[in-house]
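Below is a structure I'd like to ask you about.
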Amino acid sequence: MQNKAPAVELRNITKRFGSVLANEGVSMEIRRGEILALLGENGSGKTTLMNMLSGIYFPDEGEIFIDGKPVVIRAPKDAYALGIGMIHQHFKLVDVLTAAENIVLGLKGRLDMKKAVRKIDEICKAYGFEVDPKQKIYDMSVSQKQTVEIVKVLYRGADILILDEPTAVLTPQETDKLFKVLRTMRDDGKAIVIITHKMHEVESLSDRVAVLRDGRYIGEMRTADSNAQEMTNMMVGHPVVLNIDRPEPVNPRLRLEVRDLTVRSEEGILKLDGVTFSAYSGEILGIAGISGSGQKELLEAIAGLQPTERGSVTYYEDSGAREQLLGKDPLKIQEMGVVLSFVPEDRLGMGLVGNMDLTDNMMLRSFRRGRTVFTDRSTPHHVAEDVVRDLSVVTPSLSTPVRRLSGGNVQKVLVGREITQAPSVLLTAYAVRGLDINSSYTIYDLINRQKAAGVAVIYVGEDLDVLVELADRILVLCGGKVSGIVDGRRTDKRQIGLMMTRIGGGAHE
Amino acid sequence: MNKSREPLFHITKRGALPWYAAWGIRGGAVLLALLACALVTVLVTGENPLQVFATVFNGSFGSPRRVWMLFQNLAMLLSVSLAVTPAFRMRFWNVGGEGQMLAGGLATAACMICLRNTLPNWAVILCMVLSSILAGAIWGGIPAFFKAKWNTNETLFTLMMNYIATQLVAFFIVVWEVPKGAGQIGIINQSSEIGWLPVIGSYKYLLNILIVAVLCGVMYVYLNYSKHGYEIAVVGESERTARYVGIKVDRVIIRTMLLSGGLCGLTGMLLVGGTDHTLTTTITGGRGFTAVMVSWLAKFNPIWMILTSFLLVFLQRGAGEISTSFGLNQSFSDILTGVILFFIIGSEFFINYQIHFRHAKEG
Amino acid sequence: MFDVVSFIPRAVVQGVPLLLGSTGETLTEKSGNLNLGIPGIMYVGAISGTIGAFLYETSLPSPDALNGFLAVAIPTLACLAGSLLMGLIYCFLTVTLRANQNVTGLALTTFGVGFGNFFGGSLIKLAGSDMPYLALSATSLCFRKTLPWAQTTGWFGKVFLSYGFLAYLAVVIALVAGYVLRHTRLGLHLRAVGENPATADAAGVNVNRYKYWATCIGSMVAGLGGLYYVMDYSSGIWSNNAFGDRGWLAIALVIFTIWRPNVGVLASILFGGLYILDVYIPSGMNLAIKEIYKMIPYIVTIVVLIITSMRNKRENQPPASLGLPYFREER
């Protein structure tokens, strides 16, 4: 192993947010000419740690060395001066400005857009990017925006690049392109950190892996000397045996029939294209796909939150009576007597109200009950008590605003409330995202119990290992189309992975 | 390592502060503000500070008439503040209380003038109540409609509506002016007293005060215990969550602003029909704007608003008294009000944020 | 008959305070600060200038000893200092202490109008005037000095050359502000701060510093609008509340120009014209209708506001973070 001078050295970095310890005594190195994968579960403190390098946060304790010299990074400006550039998961771009204006934002000197455009073109040529400097950001696709972010960092002469989950929003083709660029930059002698939790990306791209868990530094290894299993174990903290129960569906009956569902976004982009499938009671239908393949639109269309272009969503009651759900809002669906529970992806922005306490959040679903103009607070209060007890939610009290709870507890509150409705259809989107292993298993268990109770569960997931073990059938979305529907007991990760990137993907049902 | 380059302190958001600590900070800010005001006053007048405070107190409580005036002013300010609060809870910045009040006042005056010879007194009053609420509701409903449909900026819209209302009132003042060319209406129906709200016993202001007291209680219950109040809170916190649970956001925005505007209009009626019995473009006395501050300072809680509006009215009347007894002009009270508001506004920072001094920790 | 040659100069002098006010407010709003204290700031600017002029005039042994340069410089500096202080109060509360902008702005207006009327009233008393106003005619003459050819070039002179220096300065400030916002790095950074402070911050722009500078400069520019009103438009006569609701009209003008100061140059004259239209439109004995004409500027502003929100063109929207405080470590 050749010895490379560390570009960055972190020593004993600690950062707290109120009472939450985000990072504790982290020490690690970032080297030039190397791609380092920073691995860890959600909430393990990866992003916080890197944000301290890029000047967004200031560490409570600890020291940072760049090329062996101690430095203080108080603001992003300081980070740029030291050659550190970070590409955030949520892009930091000003929508109404052009690509070029965004790229030169924050620099000093006279504003010379012509010169800037020339330099941008040079960078693009050197690494093979395609950027129209005059294009406004709001006209761009996600991957174009990411390219602008990378060019922006390179434009400032950054030679230490940090990418926070850069592939979460990209198609496989775009991912491949990005990786090629990153390798070119590494060979150029730049230090690159990529934050991710996708094992196959780590294996194919990185030279070295560093693992964080619960805000602490666990260890590092050379990618070539390790494998996905070892990394996962380090990440989670104990050998992971993903063993999820999958009882046989009992007496499955047709519950929901989706036909030719087509959704166009406000910008006119086709998000769902002729999606057709059925969901049965007592069964878990898994939905797989690259992030942004139409999962959100699919669930929201069923829940009555998404305007659709055409298609139908038919609900079948046990008696065989049919109800058309499409074109009705959540209130109408509820009034028809269809109990549809929905655990959305954005828990605090959609499923719950962060500033309200547990009782008031329980009330979101039930506040209309009763004939008086007044709300009934005692029932939701009892529901909150039950949820806290049954799901072992950790909270100071029932009158704590839910935004103060940890991610896992927030999700338990949300799932708990949705299940309390005794639904006949349960929609969940990324139900275990950001949750630790124990909370995740609590959620799997809850979902399985719903299945046993005869609920038709639609489970959108990102972890294929889980999908393959949990779901009875798996529908794979690819660019808004149904790539295929496979039997969960007779498929594997590889097959689904192929279907996610290519329609059909070689599946035979 | 060069320590001097580190930031001296940094700021973090606090967790919840217990309510008594929060109100302690606010109380401290009020005390500091009073000291600052006393200082300013002493500098301007050269009187001794105790004398100044005594004068302030005297301005509000010096005589039964002053106490009545205090409560009348309190009632009017509280009434507008209660009216704008549902909108604020919804994060709809209704700074159009002035215009909505004027619209209500205009409708009231119109009823008093146009119907005085055709309808009995009770019917005129009924028309006044209904038409003032309707006028205010229209004035508040227009910006709400555009906010709901096209997300038109409501702060700027309601602000502009104020001046349209002012000009409309100015127009009708010229139409109705008595005598012609006077540029003012004068007391409406002075002899017949048609459309004057009834006086309870000999207490001219009591009816207004009672109405507002009831309104305050009703508003508290409405906001905290009714389904509408809950919907307003959810829409204010997150429109997406509101849609998710089937709340029709457009409808809630428009409904709430109709209510908010309508109550502002009713306040205009109380001013025109209950106390002033005339209509001017300045009859609102800037209460529509002061209400924004009253409501915000009370964290949009109707009960706390009694306290914050009392504080502002008390200080305004006290400062007014300072002006008269020390021979200053009336605008002095606005300066003091401003100073006090700055202190209270600034104190919110210490409730929501915490300052950490770096060197203190290392020592 | 509608007399254009006499109408335009009158519209212009009505428009100049609005132009200065709206240019100042545009700069402020571009940084994401919705400063509803502008009406108060313009009052303070006006009274500070008046106090400066009053002190200078009364310090002179005789009116003939008036030095033209000092007579202009002292009130102008006093006005700038007064409005700067107002801007600093606003910034300290909303930027440093992250207070609610609407509430702070309204409090600042209460304070500013009170400040203006209090000191205005005190000055009137000090001057021992029997009338409810204070006249500083000598100073005003210096402010109102027109360009030398104004009288000799006929209608051209009347329409273009017959104004005091502050009017031309207002146009220059508006054009410079427009240029800076569109074509310089400062402007780019300022726009970014108002649109998306987190992004600007991550790019290395000092958000708080930009907010402070933009708001304080904006306040001073707006303050000059107040000074112009007293010294030029009213011929040096201060009377309480005379300034009226022009501050709010200036805020309306910001919306009307869709946040473009250079558009404000013509738009302010249009607004000024609408403000005095009642004098020029023959309404016979119907005085009431004049009040309706005065409504027009506000109505057109609302129409512009509605149309821009309906068309939803990204460039014509208010700055995206307008009215919101910024805290970097927000989670």
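Order as written gives the chain letters A, B and C; numbering starts at 1 within each chain.
Keep this in mind: contacts are C-beta pairs under 8 Å (C-beta built on N, C-alpha and C of every residue); 3 or more make two chains touch, one makes a residue touch a chain.
The structure displayed is predicted, hence computed values, not measured ones.
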Would you indicate which pair of chains has the most C-beta pairs in contact?
B-C
Can you figure out the chain closest to the middle, judged by Cα centres?
B
Between chain A and chain B, the Cα-mean centres are separated in Å by 45
Mean-CA-position distance for chain C and chain B (Å):
27
Distance in whole angstrom between the CA centres of chain A and chain C is 48
Give the residues of chain B touching no fewer than two other chains, as numbers and ranges.
12-13
Can you tell me which residues of chain C touch two or more of the remaining chains?
329, 331
Quick one: which residues in chain A touch 2 or more of the other chains?
17
Under the stated contact criterion, what part of chain B meets chain C in this complex?
11-13, 93, 95, 146, 150-153, 155-157, 159-164, 166-168, 170-175, 286, 289-290, 292-293, 296-297, 328-329, 331-335, 337-339, 341-342, 345-346, 348-349, 352-353
Chain B residues touching chain A in their complex are 1-2, 5-7, 10, 12-16, 225-231, 233-234, 237-238, 240-241, 243-248
Flag every residue of chain C that touches chain B in the complex, lowest number first.
34, 36, 89, 92-93, 96-100, 102-104, 106-118, 121-122, 125, 240, 245, 248-249, 251-252, 255, 287-292, 294-295, 298-299, 301-302, 305-306, 309-310, 312, 318, 323, 327, 329-331
Using the touch definition up top, name the residues of chain C that touch chain A in the complex.
183-185, 188-189, 191-192, 195-196, 198-206, 314-315, 317, 320, 328-329, 331
Across the complex, what residues on chain A touch chain C?
17, 54, 56-57, 75-77, 80, 86, 88, 92-97, 101-102, 104-111, 136, 138, 152
